[in-house]
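The following block contains the structure, expressed as structure tokens.
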Amino acid sequence: MDDLLNVSGVSNDDSDEEHLTAAQVLEKLEQAWMNERLSPNLMECKSQIVEIMLEQIEEMEANIQRAQKGDLKISLHRLELDRIRYVVSSYLRCRLEKIEKFAPILLEREKSKSDDEPSKLSPEEFAFAKELVGNVDNHFKSSALKHMPRNLQNIALHEITSRPNLDHYVFLRVHQREEGVIVDPETDDHAEDRVDLEVGAQHLMRYQPIEQLVENGAVSLI
Amino acid sequence: MLITDPVNDFFNKVKHERVLVMVALDVDALCACKILQALFKCDHVQYTLVPVINKSQLIKEFEEHKEQYKHIVLLNCGGNIDLLHILDPSEDISFYVIDSHRPIDLVNFFCEQQIYMLLKHDEDEIAAIPDYDSIYRDYDSDDEDSENDETEQVSKRHRFDEATLEKRRERKKWEEKRKEIIFDYEEFSFYGPSAAMLVYELAWKMSKDNNDQLWWAITGVADQFQNKKIGRDKYVSSVLELQGHMSRLNHRDEDDDNTKSVNSVKISFEHDLDLALYRHWSLFESLCHSLPTASAFKVWTNMGIKRLHQFLAEMGLPLTQCKQNYSFMETKMRDNLQSLVEESAEKFGLRNIKYQSFSAQCGYNHRLCASDAVYSVGALLEKLYSKDSQAAGENSNFVDSLDSLSRVTAPKMQDGLELAKLQLQAIKSSVSSFIDIGQILSYGPFLYTAVREGMPDYKYFGKPIFLNLFSHFLLNSYVRSLNKTKRERAKNLPLVICAPFNVDDGTTIIIGIPPLADESRKNLFGNAFLHAAERTKSRTSHESFDSSIITLKNEDLSKFLDALITIMS
Amino acid sequence: MEPGDVEFIAEKELVKIVPNFALGKIYFISGDVGPFSPGLPVDVPLWLAIAIKQRQKCRVHPPEWLDVDKIETMKDDEIASEFFTELPNPHFCEVAQLLLTHATDNIPNADLLRTLIKDIWDIRAAKLRSNIDKFVKLQAGHARLDNLSQMEINTIRPFLTASLDHMYQLRISQSYTERNMSTQ
Amino acid sequence: MDVSHKSSSGMLQDYMSIDDILMSSERLPSVFLVPVKGLGFLDASTNKKDIAVGTKMDLPLWLVLSLAHPRKKFISFDYTKPYKGTYREILKADASVVDLHKIGPFFYAFGQQLLTLNHNESLQMAKCLVLTFMERFRKIMDWSVNAYEHDNSERQEKLDEVERNLFKLGQKSLQSFQQWEMGESRKLSSSELVSRHRKRKRDMSE
């Protein structure tokens, strides 16, 4: 039953083709869900994992229909499906919340980022953000700005809406060893503060220094 | 037909279907319903719960639901009526009847499909039912004879030979005998084992029983005893069985390492005082409102009150302590209360003041004994509601009562206890006024009294459970109030009470209870009311599942009673 | 993150149950479980154990660390040591709470355990607060807290992170002012 | 209401945050270094047409931020009382007893904005802000993290807006933990939206 699923370019970048069992994909999804809920900034979109999970759910639903009625297994399977559906919906809902809050800035970044960098927004999320910013713009214009003198009329949304606070403190657990992570930049009264992250340790620090580590799974937020 | 193996023939068949559960409105039925709900929850069975007050509502609900449901469970209703006749269900609908009303309807018992009766397997239960042949002849041989008689009456006359004459005479004799057997079988109506007990045994056979379900079974049996539906001997035999289950589930915590957690239900057995709600009331109030003590002391006379004070003094309990709420009495008095009462009970003519009873404790609050639960749930079931919200009132009472049974510490249970106190006070005051102004008349074969509209709390009397409790309380007190000679005669007289049922359409409710001396609780009024109604053509309705309670138009009351007197003397 | 979510994650922990029914292997998406045979203990995720227990089809075998003596020694160690002691399970509090509510009858002296666990929770909470205060006073940029359980982190997270963020902003303003002053 | 994020560049980061708007409307005593044509009406005390050099006026923070910018230098300003030497001494002595709410609900935020403009006392003020928060932190934490049955208002009196927000965060996470512990989170409750909606429907149907 747990056939191997090829999940390309999901996490570590050395082998692009990676064979994971359904359980491992679920594990990755739950990891992504936790990181998304705890990180102040929008993470890379794990849309491929979400697709695979939704396929798994449909497949399992089909199996359940075929099984004969009243079997204990059915209700247990259904219980597990509900749990997975909760994780997927909570993950996507959490991302939408962040997009709603930081839409203008995210769009700005999308425009200015280089092509090889993976995009943070999935196509649907990108369309949603675009539409949202468009609506906010028209709303401002139609309700207030068009009554104002000409030179005050243009307003750069991405400058005035709040931006994610990368200096937000987060708890994290280390999965892969990492030396010399700069925690505090050089300032006059105290020297640069570096720290080594050993496997299994739990730390509390600002998000900014470890943002990349969380993205590539070396470290996970708790 | 009789279900031999309830687990496979009933539960496993119902498990994967949608089930309609119809519940009569009495405490035993509610307890059975709670256990069944717990079992259904274990296997995710889809079910719908419908409370039914009387036969017409049973029919109405059945009509409404008969398309979607193929399996219908009847709790404490439908056992003593011919279901096939009054419901005339389609072929594929099957009924599972768990009912303590006796006598069981013969058609229900003998028909092969559709009706499945769940009964306890003790001999005298099954023996009481007349065997098949004495009631039904195998129709093939007789059938064509009787048909032929009507159709070819003329051509038959010349064949008067010996054989048909002999057969006809023998059939007539058989029919006489059949009528007689049926008459004896249906003469008395009484109660069999509690429905809650039956459902609990089903749970036990499927090893899914737990303490909560045992507590519901205990409450079901206690309801039967407290409302005088079964005699003391039947109650004691049920108690023995329950004790077996209780010690299995509540092993005394000898080995202290697996003491049960404090907030799970612990059930214990003891010889408790037969005083109504005394743990939730003051001792004095409870003495005045409990049936045995109130009638023994004749609390409605001030001489009786004096004797009650003497009784308390004899026990060495200061009056202030007795007037306080039980929980605030001094602990040493509370602990040896039972022994104190028992010693001085003999002197004051109090017989069997103690009875076997169970009580449950959950967490640190007070113990709740089975009879408290019965009083509370009964009171909730019959809480008065304003006239216009008739249906809503009934349902909300049903839901409240079920809710109060959900946990031993359910807050609804406390409200029920308060309501029960009000009802007991209403009973005591009406009993004292009835006896003081001598309203109980002897109509020859039975005693009779009537509740007038003008009386305080007359609305309570329209409710079956309350009326039944009141009638027993009244009969007991009345017999005690007579002098020696009259008492012997009155002991063997049953009592009939009528009370206003529905003031708007002018109907009264009539209840008949067996005499005091008759321990078997067999009630002959079911049949007597039927015959009296036929004879006088009075507009009666035998709606209630308990045949000894009927309602009829006010105008027909007097002629109905005269007919009743002639029938019964 | 609500405590309910933390409990949701904690329900993936494995626990031993003794079923009273027979059933073959179940191929869940999150991994295979079973086969179940009456009387033979089998390891299942906690959420599955509770589902089966509620249907009275199994008895839960408490984890070996959920035992009065072990928890008592843990409590003493906690009092003795100035740092956080190692917890037997990262979801220590949630697993205990779930088992004590859903399988009370399968766990000996459930109430004593409940009070002991609550004591341990309070001791650690006090210790956590004093550490935080020291941490803030040191104006340190980061801290290492290895033996903190998931529920403890979740309960203190909103307050602690918000305070540290605010502290960081104040420090940044101060260093910004210092840089300005020195350049003038 | 999450803590609004200030970037060190001093620009009002959260344009939309109501607190920022409220905070930046507070006034600062300032002196004009440059004559201003045609704005005499701003100075209520005189009825002259324009503002002469040296006139003293209380200007709101958002105006001061742009006028007193290091490059422009149109006006010079002075700290309000809470940020002056005398108050700083009091704060240094025992910050936890001072009623920050009374002397300006946005004590920290306002102070941080002031630091973006150089002023001879800005270094000491910056240090004072950090020390004050550090000093008061312990009490806020202890108060917010243990349940306080009767109303918390008199505890919150002395706290400024940022501290109040921290206090609420602590209380909220504590309450949700206690509810979870008592099993309330397992009970399903209908969201008020639905029940309100149902009520409206019933009114229409009657």
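To keep things simple, chains are lettered A, B, C and D as they appear, and every chain counts its residues starting from 1.
Everything below uses one rule, namely that a residue touches a chain if its C-beta (ideal position, glycine included) is under 8 Å from a C-beta of that chain, and two chains touch if they have at least 3 such contacts.
Here is each chain with its UniProt name: A = DNA replication complex GINS protein SLD5; C = DNA replication complex GINS protein PSF2; D = DNA replication complex GINS protein PSF3.
These figures come from a predicted structure and were not determined experimentally.
Visitor: When contacts are scored as defined above, which chain pair ends up with more C-beta pairs, A-C or B-C?
Guide: A-C
Visitor: Which chain lies at the heart of the structure, taking centres as C-alpha averages?
Guide: C
Visitor: How big is the gap, in whole Å, between where the Cα atoms of chain A centre and where those of chain C centre?
Guide: 24
Visitor: With centres defined as the mean C-alpha position, give me the chain B-chain D separation in Å.
Guide: 72
Visitor: What's the distance between the Cα centroids of chain A and chain B, rounded to whole Å?
Guide: Roughly 65 Å, centre to centre.
Visitor: Give, as an integer number of Å, the spacing between the C-alpha centres of chain C and chain B.
Guide: 53
Visitor: Indicate the residues of chain D shared as contacts by at least two other chains.
Guide: Within chain D, the residues that touch at least two other chains are 5.
Visitor: If I count partner chains per residue in chain B, which residues reach a count of at least 2?
Guide: 43-44
Visitor: Enumerate the residues of chain A that touch no fewer than two other chains.
Guide: Each of 75, 165, 167 in chain A touches at least two other chains.
Visitor: Which positions of chain C touch chain D when the two form their complex?
Guide: Residues of chain C touching chain D: 2-4, 7, 97, 101, 125, 129, 132-133, 136-137, 139, 151, 154-159, 162-163, 165-167, 169-174, 176-178, 180-181, 184.
Visitor: Under the touch definition given earlier, write down the residues of chain C that touch chain A in their complex.
Guide: 1, 5, 8-9, 21, 23, 26-32, 47-48, 51-52, 55, 57, 140-146, 148, 150, 153, 157, 160-161, 164-165, 168-169, 172, 175, 178-179, 182
Visitor: Which chain D residues qualify as touching chain C in the complex?
Guide: Chain D residues touching chain C: 2-3, 5-6, 8, 10, 108, 111-112, 115-116, 118, 122-123, 126-127, 129-130, 133-134, 137-138, 140-142, 144-145, 162, 165-166, 169-170, 172-174, 176-177, 179-181, 183, 185.
Visitor: Under the touch definition given earlier, write down the residues of chain A that touch chain C in their complex.
Guide: Those residues of chain A that touch chain C are 1-2, 22-23, 26, 30, 34, 37-38, 56-57, 60, 72-73, 75-77, 79-81, 83-84, 86, 90, 165, 167-171, 183-184, 187-189, 193, 195, 200-206, 222.
Visitor: For chain B, which residues are in contact with chain C within the complex?
Guide: Those in contact with chain C are residues 41-44, 207-208, 210, 257-264.
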